[in-house]
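What follows are several structures.
You will see subunit A twice below: alongside subunit B first, and alongside subunit C after that.
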Partner chain A sequence: MTESEFDFPWEYNFPPFFTIQKHAETRKQQFLRWKELILAYAKHKNQAIININDESELFHNNKINRTLDRESREMILNELCNSSNAARVNKNTGTYEIYWLTIEEWSNVIYTYALNSGMTNSVLTFFELLNGDDSKDQEFHQLNEQVFMKALKHLETKGKCEIMEIDGSFGVKFF
Partner chain B sequence: MRRRAGVGAIQKQKLEADKFRDKGTQLQENQFEQMTKQVQVLKDNLEEFADKYKSEIKKNPTFRKQFTEMCAAIGVDPLSSSKGVWSILGMGDFYFELSIQIVEICLALAESTGGMLEISELKERLMKSRRQKKQQEISTEDILLATKKLKIFGTSFQVHSLGKNRFIIQSIPGELSLQETKAMTVAANQDNGAITKSLLMKELGWNEFRTQQAINKLISEGLVWIDEQNEGEPNYFFPSLFPDRKLNIDS
Partner chain C sequence: MNRFESVSAALIEGETIVTKHDGVKIYNGHEKTIFEDGELTLTTHRLVWAKEGEFSRGSNVIQLRLKLIKSLDEEIGSSMFFGKKKRLIIRLNDITGIEKLPGPMDYTNYTFIKLSAPHGITANFIQALNETLMARVFDIDSSNPNSPKVHKIKQRTGILGIEKSIQEKQKQTDENISVAFQDLNKLIVMAKDMVNVSKAISQKIRDRQSDATEDETQKFKSLLMSLGIDDPVTKENFTNNTEYLRSLGNEICQSLLDQMTEQGGMMTITEVYCRINRARGLELVSPEDVLNACKLLNGPMKLRQYPSGAMILQLENHNDDQVAEEIEKLVIESESMSIEECARLKNISVLLAHERFLISENAGKICRDESVEGLRFYPNKFLA
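Here is the complex of A and B:
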């Protein structure tokens, strides 16, 4: 996969975007744009984990010399958690799992794929599902395994699949 | 010995005054009649002219502007009348369509611009959305004329002047104070569309209290965003005037 440059939205070059706005309506708009930006960025980089303590270009625009401070990052990631687009992994390290599709949405995408390609009732390894040629065009291709696991676990609670461990690696059977 | 003024003399005077008045009215009427005739002739000629240069008027914005001015001078409202000159041209439809497109664009952008949109940007966006359809050029005058018709929506869709040939359309309801308009005009003259308190004080000769009040109002209406990482003092940005946002028109 060739990595193309991420196309930042204009807000990224808008200096006040990096200062949390006091006016409620404006802040609402600002949070919305930040959420969109983080999800689009994570998706583009296929990056499932974001650490708010990292000096990532995501939170720091060198060109205009503006940084979103740690407290503000936390506020925005909390917003993402509230809309099921993120989950806190570790409070101390400041890591979050990012879901540009929510777990619910991922599980639907995966299950639809399994049904449409007639893969029900046979055991498939996580590896082939995630990295195999067959799933190359799928949105979940090369998805982070932790996120993938969560989506499958969600399906399992609905009785639509069974996760199994084979020699230290995972497999799944869809029903 | 002078004769004292009798009733007869007073009556005679009154009679004369009446006669004068009558003559005056008559003259005035004559003049009015003539002028009405002249205007009618002018209107007829104008219609003839409009018919003859129909395609030119539709295509060429400069020509259209001059023509509109001519109409305005003799009291023909190009937009309200679907009769006469403008029905020949189908101009009512032209501006009607333009007004709708203006509303669409303004509303689509309102969230990210705080409901303010510069006419120059609006024009670019209009041109872009019309590009596929027909080769009809539009001018700033056309946009202003079409926007005027949007006044029926109350305080939404007002046009504010930002000084030299620059206008901004406000598509959210609410009255802008003079202070706000002035502050916005100062911002429009900055490269990044931003102002600071001291800049306003310097440019407008305001005291600190008044400046702060104007800024607070701009913030509370969602027209500016505050940047606290600016060196020295906070910078207040108008997203509507921010150049990088406009670069996105083609995307």
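Here is the complex of A and C:
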């Protein structure tokens, strides 16, 4: 992944974007834009964990001097949780895992890759799947390990793979 | 009673008789005296009591100098034969240090006398006495350089002197205040007359319109208008409260219609209250009456309560969609706008401007931006 500047959408420079709107229809649209922005930002930065207490540029636009307050951030992330695009890790620290692809979608992507590259019935380590040269073009390349684990666990419940622990590191066998 | 002096009845220079009262009995404080059934004559300087006809004959009489009178009071006494009657209580000033001729009584504990008559002291007499006291003709005389200045001779020093001067100042203030309020009472009486006069004139104008030229009539009418509502609706004219409120409502509609249209079709209830009372002038109405009258309104205006709790009187043909679009246009023109800016631009109150923004916001036309810089509104680009 190349570290290029994230291209913020127009809303980011529109002051009312940082105030939760009172009109229901407007608020719905506003939340939708926020969700899109957060997912796109997380994907661009390949950043699976977001802490809403951080003074990240995501929630704070220096240029127009507007900040989305903590309460509003929580509201929007709850919305993301509802659409399976995020999960709360720790309520006290305000950290969330962000899924720009849902766990379901991730598991499909990974399983399809495994099938297509003929890796079924052999044991692969998490490390080579995530960081190996073979998966360089894949979406899940260098994905957060916890998110990756959740996707594989999801596959395991479907009986499509088996996760095993070898000397403190994880491996997986696809069926 | 010790303030009375025995003198001859002759008038002094500059003194004139104001009025008379028959059958007057004098009380020393609460006690009866021998001075019964006499004729009391009020002059510009004195109150003179005499047996009937003796004053005009120039005999010896007793007098009370008006400048010794401190204040007047009334007392309603009941009599066995005549029902209720009015007694006049005259409170008197301290006479220590004032030169005085000998009178019928030298010493008494009472600082007031009472006057009574078989049918009570008439209101006319009391009013005349009041006005005479107010006019203070007797003072003019004492400031006359020819007559001896009684109170100036008595210059006092020491603490007693200081106390005396403080007392005099207080007395002066008291008098000033009562004079001032007297004026106010007169103003109210006069104002009622003024309203009557203006009513009569406008009636005359209506009766013979042809006599005056168009211009004159117009000008006169506008002058009358500036006096306010010429015939205000008052509670006394109605026995039924609802009927009263309905009429008051009509009055509100009639007098505020033009102003409301000018302001864009709406007005806060507080403003309605202020304006209607300004127009009425003296016959003020309570906020409650105004509110209830507005609630009953069914005519060209109606009362509306906004979600914020603000109560607003607005024209019935007033349209929220129109307001929403108008505000949207305004906001788009200036890119973003605060409530205060809008109030200034449209020449309406901040409260009204706020309500209009909320209407527009609820219609999804504009959206808000709350920050440390305050509340501003932007065109709603989310729904664009």
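Keep this in mind: the second predicted complex is superposed on the first by the 174 of 175 C-alpha atoms of A that agree within 3 Å, B and C clash if a C-alpha of one lies under 4 Å from a C-alpha of the other, contacts with A are read in each partner's own complex, and residues count from 1 in each chain.
Note that in this section a contact is a pair of C-beta atoms (placed from the backbone, for glycine too) under 8 Å apart; a residue touches a chain by one contact, two chains touch by 3 or more.
What you are looking at is a predicted structure, and each value in this text was computed from that prediction instead of being measured.
K.L.:
Subunit B versus subunit C on the shared subunit A, clash or fit?
P.N.:
clash
K.L.:
In the superposed arrangement, does A:46 touch subunit B (first), subunit C (second), both or neither?
P.N.:
Neither: A:46 stays clear of subunit B and subunit C.
K.L.:
Now for A:84: first (subunit B), second (subunit C), both, or neither, which partner does it touch?
P.N.:
neither
K.L.:
Is A:23 in contact with subunit B, with subunit C, with both, or with neither (first, second, both, neither)?
P.N.:
It touches subunit B and subunit C both.
K.L.:
Output check: A:66 vs subunit B and subunit C. Expected answer is one of first, second, both, neither. What do you get?
P.N.:
In the superposition, A:66 touches subunit B and subunit C alike.
K.L.:
For A:15, select first, second, both or neither according to whether it touches subunit B, subunit C, the two together, or no partner.
P.N.:
both
K.L.:
Using the superposition on A, tell me which residues of subunit A are in contact with subunit B and, in the other complex, with subunit C.
P.N.:
In the superposed arrangement, which is not itself an observed complex, subunit A uses residues 10, 14-16, 18-19, 21-23, 25-26, 29-30, 33, 65-66 for both subunit B and subunit C.
K.L.:
For subunit C, which residues are in contact with subunit A within the complex?
P.N.:
It is residues 336, 361-364, 367-371, 373, 376, 378, 380-383 of subunit C that touch subunit A.
K.L.:
Which stretch or stretches of subunit A touch subunit B in the complex?
P.N.:
Spelled out, the residues of subunit A in touch with subunit B are 9-10, 13-19, 21-23, 25-26, 29-30, 33, 65-67.
K.L.:
What residues of subunit B sit close enough to touch subunit A in their complex?
P.N.:
Those in contact with subunit A are residues 111-112, 114, 192, 194, 219-220, 222, 225-230, 235-237, 239, 242, 244-245, 247-248.
K.L.:
For subunit A, which residues are in contact with subunit C within the complex?
P.N.:
On the subunit A side, the touching residues are 10-11, 14-16, 18-19, 21-23, 25-26, 29-30, 33, 65-66.
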